[in-house]
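Each structure below appears as structure tokens.
Presented sequentially are two complexes of subunit A, the first with subunit B as partner and the second with subunit C.
Moving on to the complex of A and B:
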């Protein structure tokens, strides 16, 4: 799309006209009209409409934020303006917040999130596949998962601190436990949803169990597993602040908690925005990996 | 504006004293009380606030520490509360709508630094490389950093972590920490478990760092129901008198309220100093109208310290602290 419009820029258009006299010269006005038409065509596409609408709603949110803070409608102690939040970002990024720079806080938290989440995937996906494939394995583990699934992870946290201490282990364990059930359940469902004809066809062609997993179950269940992973990552994020409340001295969740204690709401909001952005980026990375590994899923899952 | 509130307040207080008809009354009064040992537990247990306010529902909310109390105040969840000097300095500087109306307690060894006996810590220098816990933003965190600064020890040479009192007791029993500066009743558990007192808040007070908890009221409540502020204070003063006159019975109440042994309760009581209300309006404490105030001085130095620690974004003003401390309510009921 872009490359087409670019050939119509002023210079190349007149060059074209000069080289082939058969083509009528395109005036600037006509050029503008063409661009307008192309822009309208782009607008009519669903994807661009969605993008524009999203941009608009974000812009409106920002405007509302500026409006309520600038007019003094909101108490700056509870809702500081965008400028204050941006300044908090700059000072945390350069001078740091209580001993660590913003980058160090983000890195600490991302390390915790990715370790906990990675462990959950490492255990959850194989377990989910075997539970989906075998009724017996399902029967063995299902009672525990069904019991554990609705438990609030924070309820477990005191116990985790008692067992594992106030160090890194209990934090990772909490994040791991928050991510685990979503992955297992999505994987079970994904495996069960596979058309049994595929399995039977592969079996009749003499596929071994490993071949079945590699050639049928994984490709067939992949997209749903990926969706489960994306949702689970969200669960991991929800317990981050809680995990970092106990005896942390760094991490974006700890920074938010500590700043709230001192009523530094500009840092709290800045921390939440940074945390949100890392979440969006991680999700994007997962979708890109998914698209690269499973090109057959098309766009229905993006 | 301030003046008019003051005159309305005084006017209303006088009108109660002279027995004229009261202003409208609140439906509920919510008292946020700190989870520590002071006469508020007596007032609560004996229902003294309720007795002063017939027909009003009095609700008590237990709050773990200064940080949580600040949040409760910011969210407008309490009418009355209590704050140590660091959280007060933070709240007042950041413009929370609160007034300091009474001395809840002066902190002695009820807040102390305990060290693990087997860790062989003899002086502050031995803390290097150790893990020390304190609830960040509280009176004890403030004292810990000041004590280290006075000894010329870099806080970065040890690991100082943020834990709430109950979590400190838990981490201690696991052996995760070697020292902690926090308060009773959780402090008592640690002292029984290979711990001993290393430094007390009372000693720090004699070194020029007094710590205390001040009773606060929300501006909005004080403006609307000034006579109920007086009623609240009358009840709290009665609680303090009870504490001072009946130590035996008070210990029983504390033991019952906090689920402690009588022996523990008695020890904790001795570690905290209750100030009778007529003394609270002297210059050492709140000060009277127009006289100097020890509390304002402490708030100024606490605020300056927090500013140097980057816990406060702006340099606190003495004027704000002077406006925060309001001995007028106590003065009016003591007349």
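Moving on to the complex of A and C:
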């Protein structure tokens, strides 16, 4: 940000822009020196320090893994080395596991996760907004949400299988129910935390109730809703393996479960790593979408 | 059914009145505002009647907690009077509306909209077919055209309040209500903002009700200073300001400026002593 002036004429900003030409040209050696200094500064920054520390701790973990497997300290039947796990990854990716390639397993699971989670967002966000805006709507739905929220999803799953069968429907329903309460509760809180002055300002400009939702409540609650969605997506992930145990023939969770039955620990560990990485990627995608939809977040000069 | 139709008709008339010349007559008629019931009853504003003429600049001056913001919110339509009525150009106020522009203390710009979108919001909501053009004009008026695509958080407090004023005026209200709009600004910025406000006001000639606890600010800005006192909140003095217009900050050394200022300070001191004694009884 430019330095800002308090007066009604804004001459100083344009003066600043003009000053750019007043600087002398920089030689290549000087440029190199500047870059070196910048790199050192970057190293000293907290963010990069944290990144380096994290990289090192991951590297140490890998070394320890190699150490215990190569020295024969660990039984390869239960803990195969990184090479074996990598080979399992290559073979699953090219030849496939139990009739489906790794990509197909991942795609099947992602489809289930995103449909269940997407439905949860589609219902949870509007419901959360109306519950946050109206005490009456809150009173109507709150008992059910408070009751089913702490229930273990697997307990619900038995009932869902009885009702919906062992096919795709019960799996999606389970993932949907796992994601729903987190989104609703985050949205209610988000709506309640909106600065009431924003609502007053919009009302004094003539906003109707629907316009208030579109112009104030939805964008105002957006960042907190996104956080709620990210936490909920994590929760959906945790029930994925459970959902795929019952009568599935594909999916990452199913692959892990199936491999475990044959003591194929390299496949199991590989599956867990793939699951973990897809989770991180999904979270990253959500953050990027959030930043694209809500460009005002994280843009402050104070 | 009949009253609904009447209310809708009234609202329509009020919105049309915004564009007529002699607009913005505020009538506060025996208004009493209280919260709670029986023993918990807390009177924020004691029965008060005030007439504010079109195009008048009135400052509500008083210590915090004297009910000046509550009275302003009653005119804005955010607070319903417990008794009495507030009307503008003989039409009853029954809720907030774009005929009364509101400027808040601070942080009232919508953080998710750019400066331009914030100013365009009012015209857009009231179906101004030239909403963009209107917003553009008001952006120019407050000298912030260069910042049109910035978000409020990227601007200083003074600039944000300039946007706040432009946003409130962009619906062409007949009344401009300001709730300590410069209270959070530093002293230098505040002086500049006061002059700019008068400058803008002279172009629009809307009725202004300006709430402040700063005596200098009230005397510098107002045609009329209404002094309010606490427990219970009520208007205790109605002073006409002899200072000529156009005004500039160097007028603060004039005799008539100081005279009015001393008069205001005297009344406020007297009233504070009285409430202080009341509290110690």
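Here is the rule we go by: the second predicted complex is superposed on the first by the 262 of 302 C-alpha atoms of A that agree within 3 Å, B and C clash if a C-alpha of one lies under 4 Å from a C-alpha of the other, contacts with A are read in each partner's own complex, and residues count from 1 in each chain.
One rule holds for everything that comes next: a residue touches a chain if its C-beta (ideal position, glycine included) is under 8 Å from a C-beta of that chain, and two chains touch if they have at least 3 such contacts.
Since we're looking at a predicted model, the values are computed, not measured.
Engineer: In the superposed arrangement, which partner chain does A:136 touch: subunit B (first), subunit C (second), both, or neither?
Structural biologist: In the superposed model, A:136 contacts neither subunit B nor subunit C.
Engineer: Which partner chains sit in contact with A:77 here, subunit B, subunit C, both or neither? Use first/second/both/neither.
Structural biologist: Only subunit B is touched by A:77; subunit C is not.
Engineer: Between subunit B (first) and subunit C (second), which does A:47 come into contact with in this model arrangement: first, second, both, or neither?
Structural biologist: neither
Engineer: If you stack the two complexes on chain A, which partner ends up touching A:162: first (subunit B), second (subunit C), both, or neither?
Structural biologist: Only subunit B; A:162 stays clear of subunit C.
Engineer: Would you sort A:219 into first (subunit B), second (subunit C), both or neither based on which partner it touches?
Structural biologist: After superposition on chain A, A:219 lies in contact with subunit C alone.
Engineer: Using the superposition on chain A described above, determine whether A:261 touches subunit B (first), subunit C (second), both, or neither.
Structural biologist: So A:261 only meets subunit B here.
Engineer: May I ask you to decide whether A:246 touches subunit B, subunit C, both, or neither, giving the answer as first, second, both or neither?
Structural biologist: Only subunit B; A:246 stays clear of subunit C.
Engineer: Quick one: name whichever of subunit B and subunit C touches more residues of subunit A.
Structural biologist: It is C that touches the greater number of subunit A residues.
Engineer: Please name which positions on subunit A make contact with subunit B in the complex.
Structural biologist: For subunit A paired with subunit B, touching residues are 77-78, 98-99, 158, 161-162, 165-167, 246-249, 254, 258, 260-264, 266.
Engineer: Taking the complex as given, what residues does subunit A use to touch subunit C?
Structural biologist: By the definition above, subunit A touches subunit C via 1, 4, 6-10, 13, 195, 197-198, 200-207, 211, 215-216, 219-220, 222, 294-296, 299-302.
Engineer: Using the touch definition from the top, list the residues of subunit B that touch subunit A in their complex.
Structural biologist: Within the complex, subunit B contacts subunit A at residues 67, 70-71, 74, 90-91, 94-96, 133, 136-137, 156, 159-163, 167, 170-171, 174, 176-177, 306, 310-313.
Engineer: Quick one: which bits of subunit C touch subunit A in the complex? Just the residue numbers, please.
Structural biologist: So the residues of subunit C in touch with subunit A come to 76-78, 95-98, 100-102, 104, 107-113, 121-122, 125-126, 142-144, 146, 151, 153-156, 158-159, 162, 167-168, 171, 188-189, 192, 196.
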